[in-house]
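Each of the next two complexes has chain A plus one more chain, namely chain B in the first and chain C in the second.
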Partner chain A sequence: MSLDAQILQSLRAAGPGAVSGAELSHRLKVSRAAIWSRVEALRCLGYDIQAGPHLGYRLVSVPDVLHADDLRSRLDKTQVIGRQIQVFQETTSTNDVVEKLARDGVQEGAVVFAEAQTRGRGRRGRKWVSPANKGLWFSVLLRPPLHPAEATQLTIASATALRRAIQTEAGLEASIKWPNDILIRGRKAAGILSELKAELDQIRYVILGIGVDVNLNHADFPADLRTQATSLKAELGREVARPDLAVAILKELDRDYSRIRRGHFAALAAEWEEHCETLGHEVVIQLAERRVEGRAETLAEDGALLVRTDHGHLERIVGGDVTVTVSHQGAR
Partner chain B sequence: MSLDAQILQSLRAAGPGAVSGAELSHRLKVSRAAIWSRVEALRCLGYDIQAGPHLGYRLVSVPDVLHADDLRSRLDKTQVIGRQIQVFQETTSTNDVVEKLARDGVQEGAVVFAEAQTRGRGRRGRKWVSPANKGLWFSVLLRPPLHPAEATQLTIASATALRRAIQTEAGLEASIKWPNDILIRGRKAAGILSELKAELDQIRYVILGIGVDVNLNHADFPADLRTQATSLKAELGREVARPDLAVAILKELDRDYSRIRRGHFAALAAEWEEHCETLGHEVVIQLAERRVEGRAETLAEDGALLVRTDHGHLERIVGGDVTVTVSHQGAR
Partner chain C sequence: MAVLLTRTIIAVDLKDIKAIIDLMKKNSVSEFELEKPDFKIRLKRGNNGAGPAPGEEPPPAMTYVQPPVLVAPPPMPSVPPITNELEIKSPMIGTFYRAPPPDSAPYIEVGMEVNRETVVCIIEAMKVMNEIKAEAKGVITQVLVENARPVEFGQSLFKLRPS
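Showing the complex of A and B:
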């Protein structure tokens, strides 16, 4: 861990209290002058650190920037996710960057954030609007010991983790739209793009690409998306601290990934179903070659959506675009 | 199609007969001098083309080299496979080359051959010995409209196509060892490495890597593989024309891929089962963390192997290394 990260970790641990330069110097095994110099550098990044001869150092506030070392220091207790973190000011798509890491043999748990993406993408090659410093656009590299057909488990895990983190950090009640959108009051606030590379019988790696519309304004969305998309800020009426949300999401994801690796997927699926707004509703699903209409009944073991059509037939849906058509009167 | 390929196609169509320079010139819309010059060039590659003032041109024999244009001209009736063919004298692994093509957006059906591979690989990162000019080492790019869990269909198709082509071209009775080896008299003569890239619900591309030990000698195999591996030449006692075998495999593969795209997978699976030497036998399967012993009963719909263990339990096997342990007394 970098000295910056260690200093921030010590200051965070002290909460509203202060830590003396002497103590930091002793604990981190560097001179008091070195501590002072790094504190100055952190102040330049926007960290508000109070200091005084008798007070010691106190962390008053942190800026809304993604600082790789700082994020890493706040994730020191995760099992897999966040072992390595990179932050780019701008990149094409964080999934592309992580794919390069994956091909280079980088271990699972690596996370790549970008403050802005120039070619952010959603499912099926659609564009994902990713304006600078307003959202969380990041990708996570996993190497799960799963069969390709079981990859759905990871998308389910991403959705549950993302939902919980939004709830705890922003206090917003979010729901899941099958297969992998996060909605707040019926509008999409986050999405997941899972990409996988596999041999026939074994996943080589999975890239979970996650996009969260944190502090976007209405005007940041393209005109044609404004009625369907929202941001945490728009729903809450105030900005949400992106570093705190990022840490919360990665911690929750680490927890759900552990559940999968321990074979506890059933508990995860139950949590997913409880918060899935698609189940129990009339849906229209547009597939490449046809349309399916019916009632979304339940989730199959492998994550497929089971839809009861008007003819009483149970259809297994593994992809396509879902529109929930009725019975939302109560909610909105 | 190149002029070389058009000339060879015309000569092949004439069978043992000859085609006059005037007719070739008229048909291919180039001068007789141009025809003569290309015939000379083809002779340099090893094509034995007889010519005489009153005879015209006659194709006597073709060399055992992989000539991209010639292969392409012989595959002009396939629906998808062989639309684009590249031949490298040497490359690391043809799967790597096709992966680059796939990422660059190349259409499905592209095929890449290498006369030699320096880093040929089999399943799970194992080395695949690929000495120069002795085998067929190639990869095919497909973009099937399938769910990742359905990718097994393509491996099944590759195995049936490969088996049929070896039978018709070399007259050798081959069998399939689950999941994707081709055996002749119990020894491995060809293998398939399928790699896929997918989103959660949709395959983006599949690379079928196929290696056939055509004209390898016993001494070409590493010492530790000699008892398990064989070549068509070793089994047949004579060399097999690699271009003819390559064309046959690609045609059969095109046929099976069409069957999959038309939803006729069941017929393919039945053919696969008929020739699978694993089914009905006692097997030992070494998985990452444990060993399964029992009788290989049948193939599940998704291509998994169903094994009845000694405790009477039916286990679903999707990967691992299979050893067929008994009841081969009759065959060898």
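Showing the complex of A and C:
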């Protein structure tokens, strides 16, 4: 852990209290001058650290920036997801960066954030709008001990984890649109796109690409998305601290990933189903030029959506664009 | 050992036949015949695949391979494959896409040369995008699945002539 992260960790542990320079110096085994110079550097990043001759140092507020070491220091040591974190000011797409890491043999759990993406992408070549410093745009490298056909478990785990983190951190009631969009009051606030490299019988790696619209304003969304997309800020009426949300998401993802690795997928699937608002509604699924219409009846064991078509036939859906044609009744 | 049955064996328990064969072996019996109103069985021990003795009327024979395998069709003579084409298979259930975004050109067309690392298509399963690689060097000779169709695990997607 970097000295910066250690200093922040000590200051956080003191809560509203202060820690003297002498104590920090003793605890972190560096000179008081070194502590002073790092505190100055952190202030430049926007960390508001008060210092007084008899008080010591006190952390008053943290900026809304993603600081890799700081994020890392706030995660549990045993955690797989986030054991290596990088933050880019700007990149094409964090999935591109993580793909490079994956090919270079980096171990699983590496996370790459970008404050802005120039070519953030969604399903089937769609653009994911990722304006600077307003959202969480990141990718996670996983090397799960799963068969390629079981990769859909990760779709489900990422949805449950993201939903819980948003709910606990922002206090917003969030639901899941099949398979793993996160909706707030029926509008999409976060999306996940995974990319898989696999042989016929074994996964080489999976890149979970996650985008959360945290502090975007209405005007930040392209006009054609404004009725379907939302942000946590828009729903809450105030900004959400992105570093706190990032830490919460990485913790929840780690928890669900470990549930999968321990073979506890059934519990995960049940949680997902409980919050999946697509079930019981009329849906339209567009698979390129093919269109399936019917009622989203239930979920298969592997998470596939079973749709009862108008001919009474039960169709198994694993891909495509799902549109819920009847607005859900639970909206408030 | 060749076992020749003159009528359907549906009515008889395979275990019983096996027991008879074992008894024949044990006691060096070379032929066995049993006839009932609706059923007739004749077992004959000899060289593998040996036909009926000359002069005998050849029965409408079925070759009985080995228990507990049910009556198998006559073994096909092993025809050498006309070409040594390989098939590129899907590692998962999902939706097959020939192009990355919908409007772009397909990854590959028939006649294109590919190498091990060439991406030939995408299989999507619940928003997990799986780029499928050719895994072999050669020329694509056939596209077996239409764009945006569901595919099964292990389903063949392309044919490839190795080079």
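The criterion applied here is as follows: the second predicted complex is superposed on the first by the 324 of 332 C-alpha atoms of A that agree within 3 Å, B and C clash if a C-alpha of one lies under 4 Å from a C-alpha of the other, contacts with A are read in each partner's own complex, and residues count from 1 in each chain.
The criterion applied here is as follows: a residue touches a chain if its C-beta (ideal position, glycine included) is under 8 Å from a C-beta of that chain, and two chains touch if they have at least 3 such contacts.
In this text, all values refer to a predicted model and were calculated from it rather than measured experimentally.
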Room on chain A for both chain B and chain C (clash or fit): clash
Contacts of A:Glu301 with chain B and chain C, given as first, second, both or neither: neither
Touching partner for A:Asn180 - first (chain B), second (chain C), both, neither: both
Chain B versus chain C as contact partner of A:Arg126, first or second or both or neither: second
First (chain B), second (chain C), both or neither touched by A:Asp321: neither
Partner chain in contact with A:Leu193 - chain B first, chain C second, else both or neither: both
First, second, both or neither for A:Arg290, with chain B first and chain C second: second
Chain B versus chain C as contact partner of A:Glu239, first or second or both or neither: neither
Partner chain in contact with A:Pro148 - chain B first, chain C second, else both or neither: both
Chain B or chain C, by number of chain A residues touched: C
Chain B region in steric overlap with chain C, selected from 8-16, 26-34 or 206-214: 206-214
Set of chain A residues, in rising order, touched by both chain B and chain C: 123-124, 148-149, 151-152, 155, 179-180, 193-201, 288, 302, 318-320
In the complex, chain A residues that touch chain C: 123-126, 148-149, 151-152, 154-156, 179-180, 192-201, 206, 287-290, 302-304, 316, 318-320
Complex contacts: residues of chain C adjacent to chain A: 89, 91-95, 97, 100-104, 124-131, 135, 147-150, 153-154
Chain A-facing residues of chain B, complex: 123-124, 145, 147-149, 151-152, 155, 179-180, 193-202, 204, 288, 302, 318-320
